[in-house]
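Just below sit the structures, each encoded as C-alpha cells.
Below, chain A partners chain B and then partners chain C, in two separate complexes.
Right after this comes the complex of A and B.
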C-alpha cells in the first residue's frame, strides 16, 4: 500500500512538473530559446491565485486570473524581451531570460514582501479518502486539473485550425509561412498556452503549500531544463513522460535514497543515466 | 596656481570636517536581505535596528551614536567573505554581528578572527563558527545543545518513545539532529526512522505517506517556517496526528499562518518566552511590534540580543581597541529578551531553553529546560 501511495505522490509531483515543463518545451520547440523567465511566470501564477482568493473568496476567479493573466503576460514577455533579439545568437535570449527571471524574483520580493503570502482561509486542505488512498482535496484536484489542461492542449493542437497552424510552424516554419500561416500569431498562441500552464502550476503549488514565495521558481527553473532535455527537446509528449517519471523517481528516492542523495540531485542523476543510454532524450524532439 | 591652492585648501578643510563629523561608532552587520533567506534577514535587520535605536536613545556609546554598517550577504559564503573584508578594511569596524545563516557566518568568522575583530553570531548555530577562535561568540544555542534539549523534552517531559526524525539537510538541521540523536537513548527514545529534505522542498507528500506507515509516537522535525509550515500542514491533513516537536526555526507568526489550524499543539525549543513576566522580554515584544509592524520571532530576538551585547561591551571598553572590546564581551552578564546572557570559554552562550507551544493560534509558554549539565556547550 505504501508502495502505491508513494507512486501516487510521484504522479502528483510529476503533474506539477508537467504543467511547468510543457511551456518550456513549447518555447524551445518553436524558437529554440531556453525560456528561463518561465519560472517567474509560474511564481506569478501563485501570487495571482492567492491574492485574488484572499480578496474575493473565489477559487474559480483566482484560477481564471492565474491562468489567463499569466498567459497574457507570457505574450508580453515574448513581445518585449524575445522578439527584438530573435536574430541574435542563442546565448543572447538566454542571458536576457536569466536576467528577467532574477528581476522578477526581486520584484515579487519588493512588491509582496520577503515573508511570502499565505491563504487566509486555505482551500482544499481537507483529506479526501478515495479508493483507499488518503490524499488531500488539493492533491486530487492537482491530478484532475493536470489531466484537463494537458488534455485540452492536446485537443487544441490536434483538432483546431490554430493548433494545426502551430504544429506546422514548429515542424517547418518557412513552409508554414508560405502557406499563409501568420508566424506571429502562432508565437503568441505558443507563449500564451505555455505561460498559462505555468501559471496554473504556480497556483496549484501555492494551494498545496499554503505559501507563495518570491523564490519559489528557482528550483523548477533548472529542474525543468533537465526534464525537457530528458524528454527530448521540443517534444511535448516526451516532456510529459519525463515529468511524470521524474516525479515518481523523486518520490521513491526521497524515502529510500534521501540519506544518500539530495532530492534535486536525484533528478540530475536520473537525467545522466537516461542520457547515457539515449543521448537524444526519451522521445525524438525537434 | 592661486586657484589650485585655494581648491587644495578647501579639500583639506573638508577632510578635517569629515573627520570631525565621523563621530559615529560603526558596528558591522552582514544579513541576507535578498535571496532565499530574505525573510529571516528582514527580521534580523529589524531586531538589530531596534537595538541600535534604543542604545542611541539612551546616550549611545558615551555620547557617540552607533551606526550599523549593513551589507546584504544573501546567506551565501561567497558573498560573506568580501563583505567581511570590506567591513574590516574599508569601513574600519572594530566589532561586527552576523544576522545571517551558518554558511555565510562560518566563512566570515574566519576572516574576523584573523583580523582580531570581535564577531558575534546572532542565530547561526553551526558548531565550527565559535571554533574559529576567541574573537567569535554566539548569542543563541548551538545546534547540538538545542537538539539535546529536544531529546529531554520528548523522552522525559512528554514521555514519547518511538520518534521519527525529519531533518533539514543543512548546517542548521544537521546539527540539531546530531544533538538529538546523541541524547535520544539516554531518555529512552527509539528513533524509528530519519528522513532528510532540502531547504528548497515544500512538498512532502512521500515523507507524509511513509511517516503514516511508520506510526511513531512523536515527530522531531527541523526546519524554518517556510519548510516547517508546509510540512506540518501536510502531515496533519495527511492524517498524522502525533505531536510534532520543532525548534527555533519555526519561531514566528509566519509558521502559524502557513500551517493554519494545524499549527495548534506544535511544540518548539527556542529562546523567547512570549508569556514571560520579565520586563525586558515584555518591553522587547511590544517595542519590536511597534517598530517593525510585525510580531516578534526568534531571529529578531536573537539579533536584538547580539546587538545589546555589543553595546554593553562598547560602553565598558570604549570604541577603539578591538581586544578590549573582546575582553568586555567575554565578561558579559546581561539580561536580554532571550534570557540571561553570559559566555563560556569557547564563546558559547549559557542559558535555559524555553519551550513554547501553539495554543489558540499563538505561541505560549509550555515549559523551561534548566538542566545546565545537559545544556552545557563544549568548552573547546
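Right after this comes the complex of A and C.
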C-alpha cells in the first residue's frame, strides 16, 4: 500500500510540475529562450490566490485573478524584456531572465514580507477518501485541475484555428508568416497560456502548503528546467511525461535515497544521467 | 584598519573567483551556472585538510587540484551537451554538490565546517597573499588571451563548428578551459575558507554562482579589466552601504537584467560604444 500511496503522491507532485513546466516548454519551443522568470509568475499566482481569497472569501475569484492576472503579466514580461533581445546569443536572454527572477523574488519579499502569507481560513483541507486512498480535497483538486487544464490545452492546440496558427509558427515561423499568421500575436498567446498555467500551479501549491512565500519559486524554477530538458525541449508531450516521471522518482527517492541525497538533488542527478546518455533528452523535440 | 584589510581581502577573493569563471564563460564561451560548486570543493578540501594539521599552502594546493579534477569531469559533460543544455547541466552540478554536502556527516552537514585554523600569516600577510594571487591570475588570463590557446578559445566561443572544421581540437581546449577555470575557483574557495574561517553549504549555493556570473557579465564577458572592476564594485558595495546589504539580491538581479537588456557587452561593451576609437585594454574584446 505504501508503494501505491507513494506513487499517487508522486503523480500529484508531478502534475504540479507539469502545469508549471508546460509554460516553459512552450516558450522554449517558440523562441528558444530558457524563461527562468516563469517561476516569478508562478509565485505571483500564489500571492494573487491567497490575497484575493483572504479579502473576498471566494476561491473561484482567487483562481480567476491568479490565472488571468498572471497570464497578462506574462505578455507584459515578454513585451518588455524578451522581445528586444531576441537576436542576441542565447546566454543573453537566459541571464537576463535569471536576473529578472531574482529581482522579482526580492520584490515579493519587500512587498509581502519574508515569512510569507497564509490563508486565514484554509480551504480544501478536509480528508476525502476515494478509491481507497486517503487524500486531502486539495490534492484531488490538483489532479482534477491538471487534467482539465492540460486537456484544454491539447484541445486548443489541436482543434482550433488559433492552435493551428500556433503550431505552424513553432514548426516554421517564416512559412507561417507568409501564410498570413501574425507571429507577434502567436507569441502573446503563447506567453499568456504558459503564464496562466504557471499562475494556476502557484495557487494550487499555495493552498496545499497553506503558505505562499517569496522563495517558493526557486526550487520549481530550476527543477522545471531539468524537466523540459528531459522532455526534449519544446515538446509538450515529452514535458508532461518527464514531469510525472520526476514526481514519481522523487517520491520514491526521498524514501529510499533520503540519507544520501536530498530531494532536490535527486532531480538533477536524474537530469545529468539522462543528458549524458541521451543529449537530446528522453524524447525528441516537438 | 582591520576593516579595510578585511574588505580588500574579500574583494580580492571575489576577483579571483570571477576571473576564473571568465576563463570558461568569457574566453571559451561555455556558460557555467555552477561555478560556486568548485569554489566549494576548494573551500571544503582546504579547510578539512588544515583542520587535520596539514600546512596551509599544501591544503590550498590540494583544494585547487581537486576542484580542477572535478572541473575536468564537468568539462567532459560540455563535450556532450552545448549552450542552454550545458548551462542547465552545470546548474545541476551546483545543486548536486549542495545536496551531497548537506547530507554528509563528515563534511559537517547543514552546520558546515567551523573553527578553521588560522593561517599564521597575520591579516596583512593574508591580504598580501590574496592580492598576489589576484595579480598572478590576472597575468595568467592576459597571457592566455594573447597566446595561441586564447585564439582557439575565442574561435570556440564564436562558432564551435567552424573551429572544429578548421582542424582545431575543440574538445581538448574546452577541457583545458574547464580545468584551469575550476582549479582557480578552488583556489579562491580555499582562500575564502581561511579568511572567514567558517563555511557551510549555503556559502556555495546557486545564488553564489549567479553572483559570480553577474560579475563576469556586468564587467563584460571576456574583458579582464571589466571583470575586475565589476567584481571589485559588486563585492564591496553591499558592505559599504548597509542599506544596499538588505537589497543586495534585488540590486544584483536588476543589474543583471538591465545590463543584458540594454548593453549585453557589459561595462566593456558600454565603454566601447561610448568611446569607439579608444584602444585601451577595456575595449580589447569585440564580442558585440
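Note that the second predicted complex is superposed on the first by the 283 of 286 C-alpha atoms of A that agree within 3 Å, B and C clash if a C-alpha of one lies under 4 Å from a C-alpha of the other, contacts with A are read in each partner's own complex, and residues count from 1 in each chain.
Rule of thumb we're sticking to: a contact is a pair of C-beta atoms (placed from the backbone, for glycine too) under 8 Å apart; a residue touches a chain by one contact, two chains touch by 3 or more.
Note that the structure is predicted; figures quoted are calculated from it, not measured.
S.K.: In the overlay, answer first, second, both or neither for which of chain B and chain C A:226 touches.
M.R.: The answer is second: A:226 touches chain C but not chain B.
S.K.: After superposition on the shared chain, which partner residues are touched by A:93: those of chain B (first), chain C (second), both, or neither?
M.R.: After superposing on A, A:93 lies in contact with chain C but is clear of chain B.
S.K.: Examine A:205 and indicate which partner it touches, taking first as chain B and second as chain C; both and neither are also allowed.
M.R.: first
S.K.: Contacts for A:85 in the overlay, against chain B (first) and chain C (second): which applies, first, second, both or neither?
M.R.: Once the two structures are laid over each other on A, A:85 reaches chain C alone.
S.K.: Given the touch rule stated above, what does A:34 touch, chain B (first), chain C (second), both, or neither?
M.R.: Once the two structures are laid over each other on A, A:34 reaches chain C alone.
S.K.: One more residue to check, A:101. First (chain B), second (chain C), both or neither?
M.R.: Touch partner of A:101: chain C, not chain B.
S.K.: So, does A:269 touch the first partner chain B, the second partner chain C, both, or neither?
M.R.: Once the two structures are laid over each other on A, A:269 reaches chain C alone.
S.K.: Could you pull out which residues of chain A sit against chain B in one structure and against chain C in the other?
M.R.: 106, 259, 262, 264
S.K.: Spell out the part of chain A that touches chain B in their complex, as residue ranges.
M.R.: Those in contact with chain B are residues 1-2, 5-6, 9-10, 12-13, 106, 109, 114-116, 118, 122, 125-127, 134, 136, 139, 205, 208-211, 213-216, 218-219, 250-252, 254-255, 258-259, 262-264.
S.K.: Contact residues on chain A for chain C in the complex?
M.R.: 32, 34, 81, 84-85, 88-96, 98-107, 110, 222, 225-226, 229, 233, 259-262, 264-269, 271-272, 275-276, 279
S.K.: In the complex, go through chain C and note every residue touching chain A.
M.R.: 31, 77, 80-81, 83-85, 87-89, 91-93, 95-96, 98-100, 102-103, 206-207, 210, 213-214, 217, 247, 249-250, 252-261, 264
S.K.: Touching chain A in the complex: which residues of chain B?
M.R.: 34-36, 38-39, 41-42, 169, 194-198, 200-203, 205-207, 209-210, 212-213, 226, 229-230, 233-234, 237-239, 254, 257-260
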